[in-house]
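One chain, subunit A, appears in both complexes that follow, with subunit B as partner in the first and subunit C in the second.
For the complex of A and B:
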């Protein structure tokens, strides 16, 4: 676990909700302190929460401790967020879109978090590398 | 979180950060109070963040009480944007 000064925030944490809450709060404090705007802070928070919650729910068949890596880079006009995990291979870009035009009674749960990140972020890239998922999300800031 | 039942209306005054865990707590609280037919209002002035788990709670409420009976009041612009992107502006009043 380490934090670099300046414009890069890095954490390695376990696949536990408490760890997710703690690291997300630290990450938000880091980017807020460096002048990242409210809208980008909100979206960064949403991205970390939605993507890591998916990893916690669906990424592992066991109850063992796994390591999740988060890196945030602040560039002029862009926030680059990278998440890595050793869970099941999962490309969110290939996940089916929820039908958001259905009335409430016909809505099915699931897929809404990924849908939001797709809609609100500038760019998403996914790769499977060395048995790990690597998701990179660019957010306008 | 404060939930008051009055004249067939359920008013939930919410504040803070509705992440996955907090949204789960809201859902559990609502289970004890929610019944159809009933109108439901979420007072959102103090809410600074919602995630998809909160939106799923809203869908559940809309399913139970029916269209037109569920209102979100005092929603901040960033949360309005998320509600709109989730295609939920048609499911309940959000103002």
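For the complex of A and C:
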């Protein structure tokens, strides 16, 4: 798949909430400026917030600075979002589906966000390579 | 990212919070503080108008449930209204529509909150 200049957004940032807020805002400005529909903008925002928040909460045992990578590619009809981190191996596709009849506080932490992304996205792929998690989410746009 | 704002009004003994902004991790904290202030002030029948909310995450969904439970714990109630299509869809696919009282308009929500036992 070829991509023309101006259709790719790439950032490397640290495992800090301030960095997450800043990069999310930049990513949203990038997507909105390219005429992507409201639902795709929403889902991209949700995916970044939910998945990076999970990485910050559960990804690391230490307090060191780690690098998280975000890449967005806009193709005709599809927005491709790739997140990479060097935290613990975590395959969200293997996370149990939350029991929506169970009280929220008894559900698996982080499970609700992943459930929403699974339901709303076109496709999710996960791979672990070179000690890094790589999550690719395809969003209709 | 702009901070969330909540406009507050009391109609027929029902507190109405009109939320403008994002119900993300930060917005959820603002919402929970607001609701706690209402409940502490003895305003036990709460309506949240979400017409100005274009973004909600799992943190936002959880905060709505937290507010509903806190209100119920003091014999109060929570009714939502003004849901945008995106927010309504997310509430539905997360199964939360079974746990939250939802009306279309603010008028209906105020009437429902006033009529609920509490």
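Convention: the second predicted complex is superposed on the first by the 127 of 141 C-alpha atoms of A that agree within 3 Å, B and C clash if a C-alpha of one lies under 4 Å from a C-alpha of the other, contacts with A are read in each partner's own complex, and residues count from 1 in each chain.
The rule is simple: a residue touches a chain if its C-beta (ideal position, glycine included) is under 8 Å from a C-beta of that chain, and two chains touch if they have at least 3 such contacts.
Being a predicted model, the structure only gives us computed values, none of them experimental.
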Original post:
Touching A:112 in the superposition: subunit B (first), subunit C (second), both, neither?
Top reply: both
**OP:** Scan A:49 for contacts with subunit B and subunit C and give back first, second, both or neither.
**Re:** both
**OP:** Figure out whether A:21 sits in contact with subunit B (first) or subunit C (second), or with both, or with neither.
**Re:** both
**OP:** Considering only the touch criterion stated at the top, classify A:120 as touching first (subunit B), second (subunit C), both, or neither.
**Re:** both
Original post:
Looking at the overlay, does A:88 come into contact with subunit B only (first), subunit C only (second), both, or neither?
Top reply: neither
Original post:
Just subunit B (first), just subunit C (second), both, or neither: which does A:128 touch?
Top reply: neither
Subject >> Contact residues of subunit A, present in both the subunit B and the subunit C interface >> reply: 17, 21, 24, 38-39, 42, 45-46, 49-50, 53, 100-101, 104, 112-113, 115-116, 119-120
Subject >> Contact set on subunit C toward subunit A in their complex >> reply: 1, 24-26, 54-55, 57-59, 61-62, 65, 86, 90, 93-96, 98
Subject >> Interface residues, subunit A side, partner subunit C - complex >> reply: 17, 21, 24-25, 38-39, 42, 45-46, 49-50, 53, 100-101, 104, 110, 112-113, 115-116, 119-120
Original post:
Where on subunit B does subunit A make contact in their complex?
Top reply: 19-21, 49, 51-53, 55-56, 59, 62-63, 67, 78, 81-82, 85-88, 91
Subject >> Parts of subunit A lying in touch with subunit B, wherever the complex brings them together >> reply: 17, 21, 24, 38-39, 42, 45-46, 49-50, 53, 100-101, 103-105, 107, 109, 112-113, 115-116, 119-120
